[in-house]
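To start, the structure itself, in structure tokens.
First chain written, first letter: the chains are A, B, C and D, and each begins at residue 1.
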């Protein structure tokens, strides 16, 4: 991947960090647009109390000078506003367990009751942990805040070429209220679109270069997403070819878009349309039956302050992941080290 | 990817080739099992005449000695039994167009009417071709034959550790007959499962290491697949958390498997269950409206001998892709350069 | 690369950052050892004044809890102690150029005279910059401070398995003094060794898996390194085979180590011995003839506070890069998600 | 790597194979130029008898139609002309060891005496083999024949942009004759150059994007290469900065090229000059002391028909590896899916 990035950080750690490498020079950064994405990720009907504590804002620590990218790696940081309360249990350095207050603070955040639907059980087995917190702090959806920042950065870059990424979801507020009352949770369906994408991103020539596959990985990698589809999705399994395939006009336009903008693993010039199914949040107020890994006894699962529905937030993250994949495929096709050079290459092709 | 491979070859070219790199030594190859997968890919209700011409058989050209892998890259080749008839139009070297017979053979395979639902239009634009054959020969699903071979190889390797990969699909033979009569085509739903997968393949620690994301890319990369889901799939968007998440027994077993064997991007010990929606084959006998790229005129799409439904074949390919991803994640977790060393590492962990 | 990392940050930016991904869980971090490497990188005969300003110390922001790695990505940060003086010229956000003081501060750090031996000229052409500072802030050897931190982390991990990485160089203090007096600079030869490396890291089976090649890339990627050799190095071009190849004793030990611990692209159990030639620092007090890219006129190169000789510092960075490559190859061979699991795998193999 | 490839095949196996992926469309292939490289690799003073048996010729099995690349992966094959004599000992399938003749043919090629300087000992330990042939067949320099073919392909592509790759070495024919008489072997120094490379391939922004590092890996990955240097090489460790750095003229040209065409990890427009030290061939007619891994007894090393000096052959392979790296960096910078598109992008930049 030419446009590559790594993310780091725990849910209640000091901060989330991302480094983006493969950024063209000369691109004007709009920090407020990134912050708007972060704010939108925190909103939405069904979010719990935690979202009030934090007001995520991105800090840029490298790769940008006087508002423009230099070509160097870009560091994005989101600080945890609640860090003061977590300094002991989440300390990087060993804490003094001989001090009773410290020991209590450290101990009371320890978790041994694994939650169904989470990384908890497989995570402690894989990494040999005996405190579930060592898993859940990283497996938490909190990590997606920094992906949202990286994605907002990518969206800004794509915006220079007229490509726009959007998402929408149908939120049933009544159903959410009902679930909240019952201590239950809800998921839902998302739709993410990319408009004005040039023809020929991705390729059919090798399986791992197909744009649909790369999008599928990126969207499925969002916590709680269990299904990804392009265009007409599962309907393609039910309808005959004559009703599915999008006839081509002499100007290469189409009347329909069942393909969702991708044919042969390439963008075909129509809007890219992705749908994703999000499962309900696995942390239930009315907890599920589970086991305590310390005692081996049956126990209800640990409950840590959580949301009833995070569908709108997932939409922001899905936009981010789609923007990242399209940016990568775009830079792969058009090359170029600076915004100006890329624009020349794009023009030449058009 | 540690277990990596490249594939090459055209639909009517001389042969398909794959090189697999990252193969442990000391693994006993069963060529007949690979050939069985290839045969199964060619069968299935709804396949057209071409499947009778070919009897795909794999040839191994490297990496195996006296039946055992040596650790060196493995070359797999599937020859095209029909090559004699395509030598001129698909010649690697320039052909003598001054010779009338040669010119006619070369010209009559030229295609300029792009087919909706295929790579045709985006492909010629991307690569600057003026003969659609330069696109379709590689974008053809024929390429999946060699993926099936690579996957059968991976399945054999996983079999050494008791992991088994299977697929199934409900074929409605009447609907296929009806579609055939109407010159139409059909897709369908596939289910692919991986049983006996150890806990902890993949990881939640970074988005691109999640097993569900990697599986989604691999399955979505199969031509005609438009939707991929894990476990309960799109149902997770409709049901509340209390009905979706799989409660954990004290022996870490589960009564339900809505998660489809993956939580937090890791295998959780339950069977991995993947569903995929396949679109109808885009080459219709009763062709769709399209355009001739040579003339710019409206024209019905080119029809090249094709199938009505290839769902069972897609199942074989989907098994292959799932096997490849699980092999990669398996070797990543357990390390080891020989089958014996891997077995020791697996035992120690268990 | 399983053990992968990205670095970011400018020489006079707010901080340097690295994210390391692919870290096993359960490894005890020794922050002071990392800081010792950072201190050692700043010392050495021939360093200039800047080294006194900074006292690099690493801050860990993720992936470690109560002294142990969790398996999550590890964030390392080194803050720039001199940042206060660079806030305006290196501001991420646009600065108010209408304010005379701000404008002066921003302008006076602008550079247009490119320095021979640096990234300056190729950098401004590649990225389309008109201020050389947009290049040199990232191309500066300052970036190697964070590589030293990543490498010290890797060294700690290798230490758990008895593998030790060291470097040495012959510093001619008189020559350095003479160069300083003459406004000149010096390079020198480095030797880096890795002891107690198990047999079989890297592989001959594919060119990009060879340990010697991976080491060569890592060492050559250090700014100012122009030559990398393994074992007897260029002597192998002069001596006959009977004097070069290391005869094998019945206990598989050797009396000589001209191979430098690597045969067939794999570690062979002998110490890995790498030599590297460092060129003199290209920023000379008695500057070289060059050009001003703003005027196109001949001009002496820009001089920015610099060192006379940074050989010892380069040794620390070379140790870091060698440790990183060996860690990657080690984890690739032995697999495992936690220190405990890796130790079991290693034992089994031994 | 955008321009990626895998190679496969054993020294006495049926054939060598490479698949190249990431090839632009519309590039005219010159098979005879590839064959010339293969022939040149087989020539040179000091080669043994085997070189007479084989007359390597490349076969292209995919990715090229009527002389032009299509954008699809390119398969290159070099058949082993001596395969008939190795069918039994190198059979992919198990052979019938009950048949005395078969058993004898299979057994007589078994090797247990490991050769110093080769992959033999580390290889059998790593992969758990008890027949050294399972190692040496892949670790043999024979594998570089297919790299030479891939590199010749890349050279052809670079030639479209005026970039030319050459190598030279000083062969001391008398010394070779002397070594042959004494049953000894010789290495030597190689110089490989790339002329007319545009400014700005590779980058200083991240260590693994530096062109010098990527070249170092590629060259060091050639069997028997123990040292790689750029430009003035080890001399940079001895001379002061004022004598090393290449002053820049107002037209950006240089009078000297001690940097060897690379500054800051980027091509700077001057010829890229790489030097490499090759060790003597480790298979000596007057064999070295070693051990028999079957008996544990001291024994002289196995001798298999070999060369006295293969320096000129290594030059061809080094050209190939340099061409591959420059092609990759070139396509990374300029993007584009067809030769025509790349040419437009290059023009625009110039």
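Everything below uses one rule, namely that a contact is a pair of C-beta atoms (placed from the backbone, for glycine too) under 8 Å apart; a residue touches a chain by one contact, two chains touch by 3 or more.
Everything quoted here is computed from the prediction, not taken from an experiment.
**Q** Relative to subunit A, which chain's C-alpha centre is the most remote?
**A** D
**Q** Go through B-D and B-C and name the pair with more C-beta contacts between its chains.
**A** B-D
**Q** Roughly how far is subunit C from subunit D, centre to centre by C-alpha average, rounded to an integer in Å?
**A** A distance of 27 Å separates the two centres.
**Q** Return the distance between the CA-based centres of subunit B and subunit C, expressed in whole Å.
**A** Computed value for the inter-centroid distance: 42 Å.
**Q** What's the distance between the Cα centroids of subunit B and subunit D, rounded to whole Å?
**A** 33
**Q** Going by the touch rule set out above, which residues of subunit D reach two or more other chains?
**A** 6-7, 21, 71-73, 126, 135, 138, 200, 203, 205-206, 333, 337, 341
**Q** Under the definition above, what is the set of subunit D residues touching subunit A in their complex?
**A** Those residues of subunit D that touch subunit A are 2, 21, 71-73, 200, 203, 205-206, 331-337, 341, 344-345, 348-349.
**Q** Would you mind writing out the residues of subunit B in touch with subunit D in their complex?
**A** It is residues 4-10, 13-19, 21, 25-26, 29, 31, 60-67, 70-75, 90-95, 106, 126-129, 133-135, 137-138, 337-338, 340-341 of subunit B that touch subunit D.
**Q** So in the complex, which bits of subunit D are touching subunit C?
**A** 6-7, 114-123, 125-126, 135, 138-139, 147, 179, 182, 184-189, 199-200, 203-208, 210, 212-223, 225-237, 239-242, 244-250, 252, 254, 259-260, 263-269, 277-282, 284, 286, 288-291, 296-298, 321, 333
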